[in-house]
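Each of the next two complexes has subunit A plus one other chain: subunit B in the first, subunit C in the second.
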Partner chain A sequence: MTRYLMTRLFYFFLALLVLSVVTFALNWLFPGDPLTNMSGIREGQAAYEVTLTSRSFDSTIIQQYLNYLEHIVRLDWGVSLSTGTDVWQDAATYLVVSAELLLLSFLVAVVIGMPLGMLAANYFRHNIDKFILTSAMTGYSIPVFWLAQLLILLFAVQIEWLPITGQINPLYAIDSITGSVIIDILLSDSQYKLAALQDAILHLVLPVLTLSSLPSMLLLRITRNQTIEVLQKPYVKAARARGLSQQRLLFRHALPNVLQDVLPQMTFIFGLMMANLVIVEHIFNWPGAGAWLLKAIIERDYPIIQMVLFTLMALILVLNLLVEVYRGWRFPMTREERYGGY
Partner chain B sequence: MDLLDIRNLTIEMDGPHGRVRVLDKVSLQLKEGEVHSLVGESGSGKSLLAKAVIGVLNPLWDVTADRLWWNGKDLLAMTPKQRRAITGRDMAMIFQDPLAYLDPNSTVAEQITEAIPAGDVTGTFMHRRIDRKTRVAQLLHRVGIRDHDAIMQSYPYELSEGVAQKVSIAIAIAHRPKLLIADEPTTAMEPSTKDQIQRLLGKLAVSQNMSVLLITQDVASILPATQRVSLLYCGQMMEHGDTETILNRPAHPYTDAMIKMSLQAHAELEPKSKLPSLPGAVPTLRHMPIGCRLGPRCPYAQKQCVKAPLVRHREEQSYYCHFPLNEPES
Partner chain C sequence: MSKQSILVTAFTSFFLFSCSEQTDVPEPLQNGLIYCSEGNPESFNPQRVTSGTTVDATASQLYDRLIDYDAEQQAFVSALATDWQALDNGQRYRFKLRQGVTFHSTDYFTPTRTFNADDVVFSFRRWLDSEAPYHSVGGGFYPFFAATGLDQLISDVEKVDPYTVDIVLTHPDSSFLANLATDFAIILSKEYADQLTLKGHQALIDKQPIGTGPFKFVAFKKDYHIRYHRHENYWRQGPEIERLVFSITPNANKRMLKLVTGECDVIPYPLVSELKSLNREEIEVRSEVSPNVSFWAFNTQRPPFDDPQVRQALSYAINRKAIIDTIYYGNAELAESILPPTSWASTDAELEYQYNPDKARKMLREAGIQPGFKMDIWAIPVQRVYNPNARRMAELMQSDLAEVGVDVRIISYEWNTFRRRLSRSEHDSVLIGWYADNADPDNFFRPLLSCAAVASGSNRANWCHTGFDQILYQAISTTDNAERKQLYHAAQQLLMQQQPLLPIAHSMRYQAQREYVKGVELPPYGGISFRLAGKEQPAQ
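Coming up: the complex of A and B.
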């Protein structure tokens, strides 16, 4: 296990390093003068020459990269070009807002996708299976931005059950402390706590539903296929020959073996959700990191772009690491397969 | 009363080329504590017979029988739940490739523990835990595994084939079944391991007073403790009876051929002489012969053989053939 852990950690840091190279190179890759991209100071301005030397822009690119790396480690991401505030300070709330949306959607995706997938596999080729699979294919083929509009049209405009955009009705006057609206409400001393909570949850329904639609359908299909495969395995047949009930077969023998292969796919799905996060946050006017990133891209606010890209991608890497470590611990066979020993 | 009483068991399935009868009126009786070997080439339907007894056949196949009785109770008339109760309590099965038939993500201890009946361990939570652990160790000892601590913590991929088969036997005998079905348990194993497993099965049958239905491909690997033998070919029963009689005075040409094949396999042959075997090959499901299915390959076949022969009896054996061999001189 130690060897497995060390290898995983090594690859994790390697990936982080590659990621930092990419974000570092953004200043150079984007159109325009790198120094202007980095600091917002245009060529010809008086401060240009000063900044050139003070930011050691005249040294080698390797030296500059090492400087950059040092700043990252100290969580010093520079100041925003448009507002002039410290990027890392601003990021905290934005990231928590997004994390809330992401985690809830992921949870919904797992809760919808996996049981339905197993149900379909259990009724392989029956009408239940066909129905679930067809619905999944439909849900899977609808683009997220279009689905969001449709849901808004139906639930917010036509039958007016749910609010259109935003996190919460501003009249509740909840102070933003952590960024996560639910935690904020629980922390606040508002006298309308329950009503505020209800309102916040109603606001969450549409974005969460939109964001979780694609991952849940993907998860459904992956789980279904994997379960069908596992149910054909000899050890499941042997368990059936021991007179075990179908439920016990599914949950005690099939589920762990299904998880073994579905878990790594979950990080992939999480990455996909990150991409959709930007779209969903923009449509629902959600004050999260995705919308922030989009705004920064339009304003060419490079420090923010670098910071958000790096953090979101690093988050996927961390998740991947956690999944790999859990998998190696719970399913020892997988580490044997990969490294021929532990 | 027989423990297992099968009369005219027929299994039919719909294939891509029409309806196929994969088991054709097979009868088999098994007494309590009896070791019975079921011999047949691959595709003869011996595993199907075992699955029909255990009740894990594909539900789309038609299973009909004059009798499929377990201890006097009709298995075919039972609900799946009643059937599972009997299968889980009184029957057990072990398979050819033990490594594939053990759950790759559970330890040996977990898998054996699962098979221990809930009634066996009582008391508080800790008591039950310790009880279970002792039971698992006992079971491992009983199948001849001495270093139980190391094996209990192992995952199946860490075991050798012989040990894995012993573990699956331990799982099988955990709930003290009355019948153990061993589906080619030693095929493709090293000779020494094969010998160990065979002796273990014979020993367990005596010590646990357990019937064993051993399924093998050739006459040479039937258990030394076998009391009765049945031979199956293409889903038809060829001959069954007392081991001694069958091996010494086979009545059916198929039995005769099987014995010659296995016993002469190691004998020295003249150069360029033909290997002792039946001519032709096992027919496919699509081209099943009518009547006696051995007909096209049988050296003694005549016109009459297009009609399926009825069962005939001779002292300790029963056979299905119009022209039996080794008739006693009268």
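Coming up: the complex of A and C.
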């Protein structure tokens, strides 16, 4: 296990390092002054000279890179080119906003996808299976931006149940402290907490539904396929022969083994969700990191672009690491599968 | 609590919430109004900018002026000044100030005194006097005052007693009062400025604004919203609503959707034709004839656009009638001059440059422009009253110009970048426009085409003509309207000859709102005002 852990950690840090080299190189690949791209301080500003030395721009490129790494570790991403405020300080709430949306959508995806997948597998080749699979294929094939428009048209314009933009009606005057709207409401001293909470939940429905559609369908298909495979294994047949109920068979015996193979797909699904996050946040005016990134790209705000790209990718790496470590610990077989020995 | 019971509680409470929704509207929503504005304000001080978005978000909401212009009566009415008179043959104006006017009291400032002459002197000196301590805060650039020449016109602002102020002019100017009644000549608090100086946070004066207006500033989250609360001790009739939110929604389609879903109460620049086709009775579309003009300005400092013949030839090539039909859906009038027909100084002379591609081609060859000549058209990236879709307009012109052998490239940047590059004169030509700040015809000429406006960056044609400047100067130094009308007529004739820009359209101004909103009027001059805004409580 130690060796497994060490190798995983080694690869994790290697990947981070490569990532930082890429973002570092971006400063030269973006048009304009590399120092400005990196720090957000323009030539001619008073702080420019100081930054020149503090970023080692009077030294070799290796030195500059090491210095860049040091800044990253200190979470000093410079200042925004368009507003002049500290990038990391702004980022904190944006990231929490996105995290809330991502986690909720992921939860919904798991709650919808996995049970349906198991249900379909249970009725393998029955009509129920065919029905679930067909709807999953349909859901899987609908692009997110189009689905969002459809949902808006249906739930907001036609039957007027749900709002379409932002986290909450701004008239509730809930201050964004953490970024997570639900936590913010609970922290606030507003007299109308209950109404605000209700409003926030209504605002959450459409973005969460849109963002969770693709991962839930993916999870459904993976779970179904794995379950079918597992259900055909000899030990399941043996268990069935011993007279175990189908229910007990599914949840006690098949599920853990299904999870073992579904788990590594989760990071992949999470990566997909990150990409869709940008689109969903933009469509629903969600004040999160995805919409922020998109805006920074349009405004060519390089410090922000770098920071968000790096953070989102690092997040996927961290998640990947956690899943791998968990799998290695929970299912020792996977350690051997990959690297032989232990 | 077990997992299941948490889930059950969550679900039941969710449904309980949903059910209670229709029965009573929570108070914050009843007493609040959401206006979905089209962009971020650049600053919270309209002295420093000319963009309509900023003016909408600040001028009439946060501040008051010395005098207001009443479009119905076509007269100036008192605001912070109760009374005024011209002395010394119109070279000195004396203003009597209103007493007992309170400034906003917020969590960052508590006023100890009411409005007086010090505030007026401070507010005017800020843009007038380059030695004033606050002049350079935020860049020291006051485009409206530079473009109208008000900073040259006023030689001094003097406090006579705590409630009397004299404004001394270098020469008599008939557009002076009209300029004072614009959204830009607002009054700031000197006491607040002094406090900020003590703390060393001067720059906050335009970020956490204090004024005397009907609303006070609460919070601004860039790209998302601005929040205001009602100013409780407002000196005249204030709004019924307690909270006002500007929800920033740059996308026109989304603004329309948000109006339909009820997330906005009022929206500017609606997609009129699409909104009407939705045919919803709870939505009202209002229109107002508005003093504006959209035009195509040539950068006259760049060859070959420094040659009037080239500019004339290009003007002949444009099918403006088609533009009115396609871009404005007919909700605009073909511009015969830069001055709208509603102005008293307008004449019914027709613009010479009616669509004539053959003539355009011939004139271009005469001027030495060969087929395949390349030029840029810059199209503003935002919707304005005067131009709902500049990009599409540029595309139409692109094909018109291709007919006469001119190869057009369309250029568009994000709005702030666009304006910055435009004032650096990086363009060949630009599709932009002008929205009058006051009723005086001068407002269409000096801020747009005078030599002073070249320096201040609002003369998009970079056109400086001494003869033209002279006419404008003559026109403002007399108060005789008949004489002024003649002078403006001459100015327009000269303009037509020189053609530094091609006027395209005078557009209607639109606003769409939910039917229960009242008191949000479209003033013909200047930004939107929520001073009298209220809501009829929707019947349950």
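Definition applied: the second predicted complex is superposed on the first by the 313 of 342 C-alpha atoms of A that agree within 3 Å, B and C clash if a C-alpha of one lies under 4 Å from a C-alpha of the other, contacts with A are read in each partner's own complex, and residues count from 1 in each chain.
Everything that follows uses one rule, which is that contacts are C-beta pairs under 8 Å (C-beta built on N, C-alpha and C of every residue); 3 or more make two chains touch, one makes a residue touch a chain.
Since we're looking at a predicted model, the values are computed, not measured.
**Student:** Do subunit B and subunit C fit side by side on subunit A in the superposed arrangement, or is it a clash?
**Tutor:** fit
**Student:** On subunit A, which partner's contacts cover more residues, subunit B's or subunit C's?
**Tutor:** In the superposed model, C touches more residues of subunit A.
**Student:** By the touch definition at the top of the document, which applies to A:Arg8: first (subunit B), second (subunit C), both, or neither?
**Tutor:** A:Arg8: touches no partner chain.
**Student:** Between subunit B and subunit C, whom does A:Gln198 touch in the aligned arrangement: first, second, both, or neither?
**Tutor:** A:Gln198 sits against subunit C, while subunit B stays out of touch.
**Student:** A:Arg224 contacts which: subunit B (first), subunit C (second), both, neither?
**Tutor:** neither
**Student:** Figure out whether A:Arg252 sits in contact with subunit B (first) or subunit C (second), or with both, or with neither.
**Tutor:** first
**Student:** Have a look at where A:Glu299 lands relative to subunit B and subunit C in the superposition and call it first, second, both or neither.
**Tutor:** second
**Student:** With both complexes overlaid on chain A, does A:Arg327 touch subunit B (first), subunit C (second), both or neither?
**Tutor:** After superposition on chain A, A:Arg327 lies in contact with neither partner.
**Student:** For the overlay built on chain A, what is the smallest gap between any CA atom of subunit B and any CA atom of subunit C, in Å?
**Tutor:** Between subunit B and subunit C, the shortest C-alpha distance works out to 20 Å.
**Student:** What is the shared patch of subunit A, the residues that subunit B and subunit C both contact?
**Tutor:** Comparing the two interfaces on subunit A, one with subunit B and one with subunit C, no residues are shared.
**Student:** Residue numbers of subunit B touching subunit A in their complex, please.
**Tutor:** For subunit B paired with subunit A, touching residues are 51, 54, 56, 81, 84-89, 91-93, 95, 97, 100-106, 114-115, 155, 157, 168, 171.
**Student:** Which residues of subunit A touch subunit B in the complex?
**Tutor:** Interface residues on subunit A, with respect to subunit B: 233-235, 237-245, 252-253, 256-257, 260, 330-333, 336.
**Student:** Show me the residue ranges of subunit C that touch subunit A in the complex, using the header's touch definition.
**Tutor:** Result: residues 14, 17-18, 20-21, 26-29, 32, 34, 218-219, 221-225, 227, 243, 245, 247, 249, 254, 257-258, 260-263, 414, 416-417 of subunit C touch subunit A.
**Student:** Which of the residues in subunit A end up touching subunit C in this complex?
**Tutor:** The touching residues are 82-83, 152, 156-157, 160, 162-166, 169-173, 175-176, 191-192, 194-198, 201-202, 285, 287, 295, 298-299.
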